[in-house]
Amino acid sequence: MMLQIEKNIENEHSVLSLIGEIDASNSVELDEVILDMVQGGVRNLLVDCSQLEYISSAGLGVFMSYLEEFQEKEIKLVIFGLKEKVFQVFNILGLDQLIKIKSTKKDALEEVL
Amino acid sequence: MMLQIEKNIENEHSVLSLIGEIDASNSVELDEVILDMVQGGVRNLLVDCSQLEYISSAGLGVFMSYLEEFQEKEIKLVIFGLKEKVFQVFNILGLDQLIKIKSTKKDALEEVL
Amino acid sequence: MKHELKLYCDTTRLSELRNFLGDILEDTSLTEVDQHQVILAVEEVCANLIIHSHDCNPKECIDLTVKKSADLMIFEIRDFGQGFNILEYQEPDISFVMKSKRKGGLGIILVKRIMDKIEFETKANINICRLFKILKSK
Amino acid sequence: MKHELKLYCDTTRLSELRNFLGDILEDTSLTEVDQHQVILAVEEVCANLIIHSHDCNPKECIDLTVKKSADLMIFEIRDFGQGFNILEYQEPDISFVMKSKRKGGLGIILVKRIMDKIEFETKANINICRLFKILKSK
């Protein structure tokens, strides 16, 4: 299985773990999960990317498409645990300026509490 | 002599011939000649580049610096006879969109008459 | 050295493409981060062809040739049909992509920022997109 | 193959630089137009060093090394002193350059559009700017 997505609803926040590789063939799965969580009223969304090996523009585009809505609805999005090679892809596009990116879950939690 | 500049005041227009190479060491010469002509009240300035072998950013910058003034004072500038290699340098910067460039003196004259 | 791959126009084949490229890139002087980016750039061009030019028709295919020398890699991507000239495409600002909300529009920006040179040509109905990556840095 | 030139910081020496580069480029597969542009790009970087970093002091100098392989040319420009990182410099719009009327500001734009890759590093007080041009296209 190329991509596995785990959802964990904790007290004040939800953690989405992305495991594997996201490309044009499966980015819609990421989109559906996020849409679900938004509809479920998520307030703080942490995305654990410590096991994300790859993300292409299709996956990045999914995150981008929610940024304005998150801002309007005051939903906090924090991505954490990115591997260096994956982080550098966010970096090329300057997405690290648009999305909160933290090294560890602890740092990410501090952002939303 | 690396750069030779010839001025020809004809009836309705002046022709400036640039012969040789223009770089940071001599672009001021081009600047002085153009300034002179402006002060002399030139209305139509044709620049013959058929013997211009090279122009670096210093020379291009001289032309650029006059464009607004020429527009305000309704002075017409037309460059003609550019060798392909020199034209391509204007082209890289999109200067062919900002400055009238013609193949032949005849075409250039048609622009100003 | 020359490597070839026939890629069927089905996005589920993209992982195969990544494996193919990963094996070739492993033997180069590129860092892990650079290797990753080169794989991404080539995939983006191929994914675009699969999706936009070939409508994800798994019976159609595109051909990839990778040429490697001491200091340069050339990725040549060939397909038939309506060509799309990536050089003529004017990339949008990232802020525009964000506002458009169409979950796309970042691919070509990535390709242009990752690769050192891009060529495109169409001859006799074959479209060729060449991506160049410089290997040597010293 | 490797070629070296010591260039004194005097703009009247730039024509020497062009001759030096012209001789090397003549033997490559680059078209006349491309050769001309590569000469221009290297000159722009050197002219900037002469003017902005070395105040046209003809006693100071910069070192140029040109390396040529089958498919790549590398122009390495070294100097001492206060470094200027061309990669960090944000080029202005051409329309801004026109309005500014300062008869300059086009050099680095040209360099970035002509060359395929640019590197900059400073180590032990030596600044190194490397310009890469890909030779092969097929």
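Letters A, B, C and D mark the chains as written, and numbering starts fresh at 1 in each.
By definition in this document, a residue touches a chain if its C-beta (ideal position, glycine included) is under 8 Å from a C-beta of that chain, and two chains touch if they have at least 3 such contacts.
Given the structure is predicted, the values throughout are model-derived calculations rather than measurements.
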- line: Common contacts of chain A and chain C, by label, are none
Field: Rounded Å distance, chain B centre to chain C centre (Cα mean)
entry: 43
- prompt: Just curious, how far off is chain D from chain B if you go by their C-alpha centres, in Å?
  reply: 25
- request: Express in whole angstrom the distance between the two chain centres, defined as the mean CA positions of chain C and chain D.
  value: 30
- request: Give me the residues of chain A that touch two or more other chains.
  value: none
Residue numbers of chain C (touch at least two other chains): none
Message: Output every touching chain pair, sorted by label.
response: A-C, B-D, C-D
Message: Residue numbers of chain D touching chain C in their complex, please.
response: 69-72, 74, 116-117, 119, 130, 132, 134, 136-137
Contact set on chain A toward chain C in their complex: 2, 21, 23-25, 27, 31, 54, 56-58, 60-62, 64-65, 67-68, 84-86, 88-89, 92-95, 98
Message: Applying the document's contact rule, which stretches of chain D touch chain B when the two form their complex?
response: 11-12, 14-15, 18, 32-33, 36-37, 40, 43-44, 47, 50-51, 94, 97-99, 101-107, 109-110, 113-114
